[in-house]
């Protein structure tokens, strides 16, 4: 098995090496990748969407459909993990208890204090990253991950029950669904306004005091908020289920 | 000019400690001493490098660059809090799980390094 | 053109419904089924609209976000994917009605999640079929893959470990596809399929493009369980819950074949694909091995579902081989076989599901006396079996006929021999079951307790009967389908 | 030598990818297999991000003054598209990892081990 594996690996490697020989040089400004599509995005982004961060405008608008499906992938993973691991209450009673020992209170003091100190700052920073994605590196995914990480940090520092009191299972699920719904809902609103799916310029009809270009910018912001909610909720959902084996009793 | 010297000094010191940390993680005999290297060395070296960056950023003195430097200092404060706590917690978890500390004269605890 | 929203509604209705099914399931677990059902009916309706529009007016382009194609993502519906869209929504509709009772029995505490995943899987398959953007396809591939992993892993026995193997191989396949798209991107700077089709001929002989082609095709082969990489399929499908397998088994492999056809003819050109005769021969030989090996291993099985999974492997060989015959008849046979095989596999898996639903068992021997107990089910089974064997007027005959003609025209006698051989093996297989069902009665007193087994409930029978009728109707109207739809889908060679 | 240096990023992506690929194929432990998959996907991400690089260019955030937007030089900014694509791919790989870990966790609960050969032994015994 190992020998076959090695042969397959070497063969694939040689194939890829052969492919590389005709690549343009690394970081070549004249390579097709740099001259075909990207100049259009770079020069037109501000005029067409009023977003200086081109990654955000491509992510949220030019290829917004990819992003929507990507959020759906996170949602699918969250639901998949939830479906696989979550125990129903009936069976739960019959399971033998977890083997993790009780944590002594004095030992966790440092960790708890620091976690309590850090979590609000993390959440504040996450909101900044989400809201400031138009102008600086950031956006829905990054902000959502930081937001989710702050809850996971609390779950590690304290225990899972404490987090589940603040983020109930139903809240997490609803937020995860709501995030994706915001995204696809904005897309459907555009369809209802007789434009194409995810054509945010249609939103200028219902948003006050926005022209077509600003409507795109606002549309991207709305989408980013949806992405952030979905990513945050689903990461928490995945973590909670994985760490407690679906019992929601005590995590790591 | 002075800024350059300070900045180069801080950064190369930071890189030196990073290097030392890496060697420590690879070469020290057991879990606790390796975590020692990771926790202390990592914090110190990233603090040094970040301070260097903050100083470097003040080359063009304006409100904008000052703001960026202040932000970098904020990152530094958080690393200063988080990194030692994290290594403390990991060591604690190792202690709870019953990892035996290395004592002088023993063989280097290779087995445990492989397990983890 | 901008007013026709059907192409996007087709995909987004199941997607939105997935979210609403999850939300509604939290209120009450019975809400999610009607939501899912309505969404799939609407989606089926939209796919019919799209198909009629394509047949009458030609190719539909839909710009998502209103952006020009190479910059934004574009949906392109031509004859080929319009047909596949209808097949997907039809199969999805049939099996959601059919599996209602099974889900309630198999997964009583996971009903909303099941329907959410089911709708996500349908969305993924529809999106793969309709999209005109190479990267978008990857994302949709992963949506459908994740939903499939979760659905397969809900099964019993070895389901977990075989799903894990599928996950590893599926991820390798999707990653190779992504890597191949990266090679195309680095050589052309574009991700849009039409744009790639325009640029790629000027890059013939570029090794990056060649490697990209190989990577994509190999990735898709792994996904569809083509011969050297077929190992994951039988186990993963055998132990899956019978509620979801009726959606997964007929469609996953067919959609992968569709991706292969799309990549070969709409991204690369036929001249590029068939430039190298040695490759072509190698692929046809692989499919010959797939067909013969799959049939023989099916013959060795005593478990009905496992037998069917090996037949799926053999059928993949039919389609890949048919496409790589490199002539128009072979390719139209392969495309027709996507349609037929989806329905045939569906029919047989529906029968397997009913058998398990009623008797909790799925060995071949469990067919004893079934003709007396379940005449309708077994009638549908016979139609499905005849179609699998390739007896006119069921549709299986016609695609096989096209494939054989294609093999003769290309001079690939080995492929023709494999086709005939597999038909014979199928005949042996299914007549053995019919014989068991018809002439062997339970003699041992032990089984008398199960004498009460009667026909399945109507909600499961009606879908099965519809599929069985569809098998014959499609067989009768094969000529119309070929002249109106498939002829336009085949590239000019 | 010139030839080697001009594409060094691509050589490294192949190296990393093959490490991951080998782990994926030949490791016995399911978690190690998943680590292999992650390395494999990370290599693809490196590959794409390398495509986006452009000599002498900066991050693609357009600096615009308060006056109206005037001529933007596309060669001054790196290619944003691969970064967008890789944001998607990272999310996908994380999601796959999550589902895989959930599966491994269930496998461990069922068989009491995550070594593939031991599981296979248990399967053949039954």
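Letters A, B, C and D mark the chains as written, and numbering starts fresh at 1 in each.
Here is the rule we go by: a contact is a pair of C-beta atoms (placed from the backbone, for glycine too) under 8 Å apart; a residue touches a chain by one contact, two chains touch by 3 or more.
Treat the numbers as computed from the prediction; the structure is a model and nothing was measured.
Chemist: If you tally the C-beta contacts, which comes out ahead, A-B or A-C?
Modeler: When A-C is set beside A-B, the one with more contacts is A-C.
Chemist: Centroid of subunit A to centroid of subunit B, CA atoms only: how many Å?
Modeler: Inter-chain centre distance comes to 29 Å.
Chemist: Can you check how far apart subunit A and subunit C are, centre to centre, with Cα atoms defining each centre and the answer in Å?
Modeler: Whole-Å distance between the two chain centres: 31.
Chemist: State, to the nearest whole Å, the distance from the C-alpha centre of subunit A to the C-alpha centre of subunit D.
Modeler: 16
Chemist: Per the centroid of Cα atoms for each chain, what is the distance between subunit B and subunit C, given in Å?
Modeler: Roughly 53 Å separates the two chain centres.
Chemist: If you look at subunit A, which of its residues touch at least two other chains?
Modeler: 16, 20, 23, 31, 33-34, 37-38, 41, 63, 66, 70, 73, 76-77, 80, 84, in rising order.
Chemist: Residues of subunit C touching 2+ other chains?
Modeler: If we look for residues of subunit C contacting two or more partner chains, we find 135, 139, 142, 146, 149-150, 153, 185-186, 191.
Chemist: Show the residues in subunit D shared as contacts by 2 or more other chains, in ascending order.
Modeler: If we look for residues of subunit D contacting two or more partner chains, we find 21, 51, 81-82, 85, 88, 92, 95-96, 99, 103, 106.
Chemist: Which pairs of chains touch each other in this structure?
Modeler: The list of touching pairs comes to A-B, A-C, A-D, C-D.
Chemist: Of all residues in subunit B, which touch subunit A in the complex?
Modeler: 78, 81-82, 85, 88-89, 92, 96
Chemist: Considering the complex alone, what residue numbers of subunit C touch subunit A?
Modeler: Contact set of subunit C toward subunit A: 2-3, 5, 8-9, 12, 15-16, 19, 22-23, 26, 62-67, 70-73, 109-110, 113-114, 116-117, 120, 123, 127, 133, 135-136, 139-140, 142-143, 146-147, 149-150, 153-154, 183, 185-191, 206-212, 214.
Chemist: Flag every residue of subunit A that touches subunit D in the complex, lowest number first.
Modeler: Touching subunit D: residues 1-2, 4-6, 8-10, 12-13, 16-17, 20, 23, 25-29, 31, 33-34, 37-39, 41-43, 45-47, 52-55, 58-59, 63, 66-67, 70, 73-74, 76-78, 80-81, 84-85, 135-137, 141, 231, 238, 241-242, 245 of subunit A.
Chemist: Show which residues of subunit D lie in contact with subunit A when the two form their complex.
Modeler: Touching subunit A from subunit D are residues 6-11, 14, 17-18, 21-22, 25-26, 50-57, 59-64, 69, 72, 74-75, 77, 79-85, 87-88, 91-92, 94-96, 98-99, 101-103, 105-106, 109.
Chemist: Applying the document's contact rule, which stretches of subunit A touch subunit B when the two form their complex?
Modeler: Per the touch definition, subunit A meets subunit B at residues 101, 107, 110-111, 114, 117-118, 121, 156-157.
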